[in-house]
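Listed next: structures, encoded as structure tokens.
After this come two complexes, each holding chain A, first together with chain B and then together with chain C.
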Partner chain A sequence: MSRTARILLGAGRKQLAVVRIALRQQWAYKADFLLRSCFLLLILYVLGQLYGAAYEGDYERAIGGFTLRQIVWYLVFTEAITMAGPPVGIRIEEEVKSGDIAVRLTRPLSYVGYHYGSYLGEGALRFFVLLLAGGIVAWLSVGLPTLDYGLLAYLPLAMLGLTLSFLMTAAVGLCAFWVEETRGLEFVVQKLQFTAGGLLIPINLMPEWLQRVCAWLPFQAALYLPARLGVRFDGEEMLRACSLQFAWIAALSLLVAFIFRRGVGKLHVNGG
Partner chain B sequence: MKLALEARALGKTFRVKEKRAGVRGSLRSLFAPEWKEKTAVDRIDLSVATGETVALLGPNGAGKSTTIKMLTGILHPTAGEATVAGLTPWRERTKLAYRIGTVFGQKSQLWYHLPPVDTFELISRVYELDRRDYAKRRDRLVERFELGPYLHTPVRKLSLGERMRCEIAASFLHRPQILFLDEPTIGLDVVVKERIREIIRERNREEETTVFLTSHDAGDVEELCSRAIVIHHGGVLVDRPVALLRRELLSSKTVTVTLADSEDPATAAEWFGRRAWAPLPEGVELAAIEGKRVRLSVDLALTDMNQLLASLTQAARIADLTVEDPTLEDTIKHIYGMEKTKGGVSP
Partner chain C sequence: MSGTLRFLLASWKVNLASALEYRLSFFLLAGMMFVNNTIWLFFWYLFFARFPVVSGWEIGDVMLLWAVSAGGFGWASVLFGNFPRIATIVSSGQLDVYLSQPKPVLLNMLTSRMSVTGAGDFAFGLIVFLWAGDLTPRGCLLFACALLLAGVLFIGVMAIAGSLAFWIGNAEGIASQVFGGFISLTIYPTGIFRGAAKVILFTVVPAGFIGYMPIGLMREFDPGFAAAAFCAAAIFSACGALLFRVGLARYASGNAMTMRN
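This part shows the complex of A and B:
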């Protein structure tokens, strides 16, 4: 085995160990699961009513290519990704501020890699719980989604979407190396993800000029594309979406690595 | 002599934003921020041999933690060089991580909701330990640190002492060549402190682990370390063996006199008032009086011990008399009062 392959394999094993321990720790937060699931049910109920009024209760009608049933399942899919992601930006900011980053930096494990592993471990568990809770509500209210490859395609696309969400929030959190407060920036990015990501309204229902803007941003690759392909599968589009996600993951990984490298050299750990 | 770590003219300065009071001041610093350069560590030289146990001492803000963080690769220095276990810490941080262990007293590496054994398992994966070797090592440390009863209890349910023992055991899992401890016994009771010191000493003896620690606890220094380096205002004030530190730096002794039962009046206070010297000889200070016991602080530069003892025995019948070096705590306080000079220290 070549040296690079050995290093990559070693890094993968470490990453997996972090994912596993984060998953185990996540079991301790049962109240959090319940609260999130209840909140998801509330959102789905309110939005379901809103879209129900827009469609005038007509299950056959399609707006922007989506039927009412597809829209409700679309919401389940986008919300499951959005609500699953742990607040990694806030965690990084707190670690930099409190100096707890010291404990992580003295381990033979990439700092960003550690947070990614922990994000995936926590996020994946939450994602499946939310998907199950939201799915049951959607099933009871509008019935099952179209049973095709969409459901199969959604899972890997959602995992890539979670990775993209991680990279965006981590990039913001890492700004704590320079600025004392990153919450403002995080608020903006989060709200952009909600709007330009198509959390509540699919992007193709938006005005054309906004669709053109969204096409140039990474947010739609995190939410809109996985959810749309989940409810309305198309092989060619799936390939395009996947390539777009990988391209954004590559670009944002470079950005995060750049911010981390520059930032860690400037680090001043509080309290000594 | 093989060196575990060495630092030459290692320094760290950073810029701090100066903020003015009031709303107008805040607005001003928003548009025209004022920066002040602060020196945390002022070009210090250090060298520690393999297997040595060294304490880095100093008051709050002296630069102890910043020094440890530079030596462990967390902070990048603004001046100087350092080699730790043969590597430059801030350039080869990940490689160095395999060779060193760290314990930061106020920060935890254990996963809060999970039992310590889960964190041990994670550490074994992160350090890529051989499975069989890891299991053996873990069992040995569990036995030595007496962690058996709480190895499977969630960390949140452990006491501070139990948690710290787990933290230190975790940092020994990968057999570090050098162990950096930043305030390892902070907040712990005497019994737990003693146990922790004992096991660190044991690892040092058995595995030749170099120990480099910062502490405000004189007991940690006295019981764990063979050498003490005192830093203040970012520079090295004193660097010498702990055994010599007290004797060489303070010319004072503490003399404790216990009066014989037959002495009348019964209390030492009265005895002092009526029979002993008035005023006290130059260089002698009354430190405390408790019942029949009198504690005197004696500066040997000003007073001759022989004369003092002779006049004491003449003045009264004495049941017991002890002459002691000052405590390390007193010595360190004394050192903090010294000024840094080019070649060493001056009082």
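This part shows the complex of A and C:
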């Protein structure tokens, strides 16, 4: 085995260990995320009622290519991705502000990689619990979704969506190297995800001009595309969505790496 | 009575001075809440662009709903900023400091904090009303009544949820769920709810009264609804105060050193 392959394998093992630790840690706070899922149930119930009233209870009618059943399942899929993500931006900001980042940097593990592993471990567990809870509400209110490849396609696309959400939040959190207080920036990103990501209303149902704007932003690749393909599968679109997600992941990874390198270069930690 | 009023005025004055000490932070936080609410209105604009009328509600009604809900929540948070934090204060033993002062405990605790983001909510409510509301004296008076009732309902519900901490100890989780859930229910048109959900919204969880105000109070004044909303506000706030008073007799704490905040 070549030296590069050994290094990569070692890094992969460390990453998996972080994911495992985060999963176990999250499991210890079962009550907390069960409460989170209660909130999701309420939101889904309210949104289900809202769209039910908008469609006048008609299950056959399709608006913007979505039937009522598809809309409700779409909301389950977008909410599960959104609510699953741990607050990684705040964690990074606190580590930079308190100087704890110095301890992390001494470890033989990539700093951003550590947070990514931890994000995936926590996020994946929350995601499946939220998906299950939301799925039960949707099933009881509008019935099962169309059983095709959509559900199978949704899971990997959602994981890539979580990765995109991580990269966007991490990029904002790492700005703490310069501005200390990043909550405002994170708030803006969250709200952009809310609208341009299609969290509560599919992008297809938005006005034409906004659809064109959204097409140039990474938010739809994180939420809208996985959820839309989950309820309305199309092989070609799946390939396009995957390519778009990988392209955004590559671009945002470069951005995160750039911000991190520049930030660490100007880091000063006093005392210890 | 006049002593309590003087105390309230002094508390609010101190809170305002303290918030304005960090002027930039004050305007940033209040501005952030304003932006947050504006994005919600943008969602509603998108929604009604696709579905112009939903259960008789139009975009103008939803704007007024947001004016009432955000405005009512805003004034309650500015003047009685601790109302969402009752459970935290009780369960962490921070009540000691209020017990040691010769003022009504609940009132003292509620007024000892001013929510800066609440100021943004209140400003948002007023601006949306100026934009979409009926600006005649009658319309303004009805809006003021709606704000008052909404704020009292918010405080009453949270006083009940927060007082549970006297019985079940760590009620922070439940209280925060009630808080989030109640707010979520007040920002959607009540017309979308049917059957049992509608009954619950006008009884156990009185969010329906806030949600229906743009229609029942402001668009077509319905005396029956106005009387019911007034009674609900009175009952929920009285129950909150009573439950807090009864619970206070069960309160016990360690020797935590705390300060008013």
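In this text, the second predicted complex is superposed on the first by the 269 of 272 C-alpha atoms of A that agree within 3 Å, B and C clash if a C-alpha of one lies under 4 Å from a C-alpha of the other, contacts with A are read in each partner's own complex, and residues count from 1 in each chain.
Assume contacts are C-beta pairs under 8 Å (C-beta built on N, C-alpha and C of every residue); 3 or more make two chains touch, one makes a residue touch a chain.
If you're wondering where the values come from, they're calculated on a predicted model, not measured in any experiment.
In the superposition on chain A, contact of A:Gly10 is made with chain B only, not with chain C. Using the contact criterion defined above for the overlaid structures, shared-chain residue A:Ile21 touches chain B, although it does not reach chain C.
Once chain A of one complex is fitted onto chain A of the other, the partner contacts of A:Gly52 are limited to chain C, with no touch recorded for chain B.
Shared-chain residue A:Thr106: touches chain B; no touch with chain C.
Once chain A of one complex is fitted onto chain A of the other, the partner contacts of A:Ile136 are absent, as it touches neither chain B nor chain C. Shared-chain residue A:Thr195: touches chain C; no touch with chain B.
Shared-chain residue A:Ala257: touches no atom of chain B or chain C.
Remark: chain A residues 10, 13-14, 16-18, 21, 24-25, 28-29, 99-103, 105-110, 264-269, 271-272 touch chain B in the complex.
Only residues 31-32, 35, 38-39, 42-43, 45-46, 49-50, 52-54, 63-64, 184, 187, 191, 194-195, 200-201, 205-207, 210 of chain A touch chain C when the two sit together in their complex. Contact residues of chain B toward chain A in the complex are 14, 40, 61, 63-66, 69, 72-76, 93-95, 97-98, 100, 102, 104, 107-109, 111-114, 118-119, 121-122, 125-128, 154.
By the touch rule above, chain C contacts chain A in their complex via residues 28, 32, 35-36, 39, 42-43, 46-47, 49-51, 54-55, 173, 177, 180-181, 184-185, 188-189, 191-194, 197.
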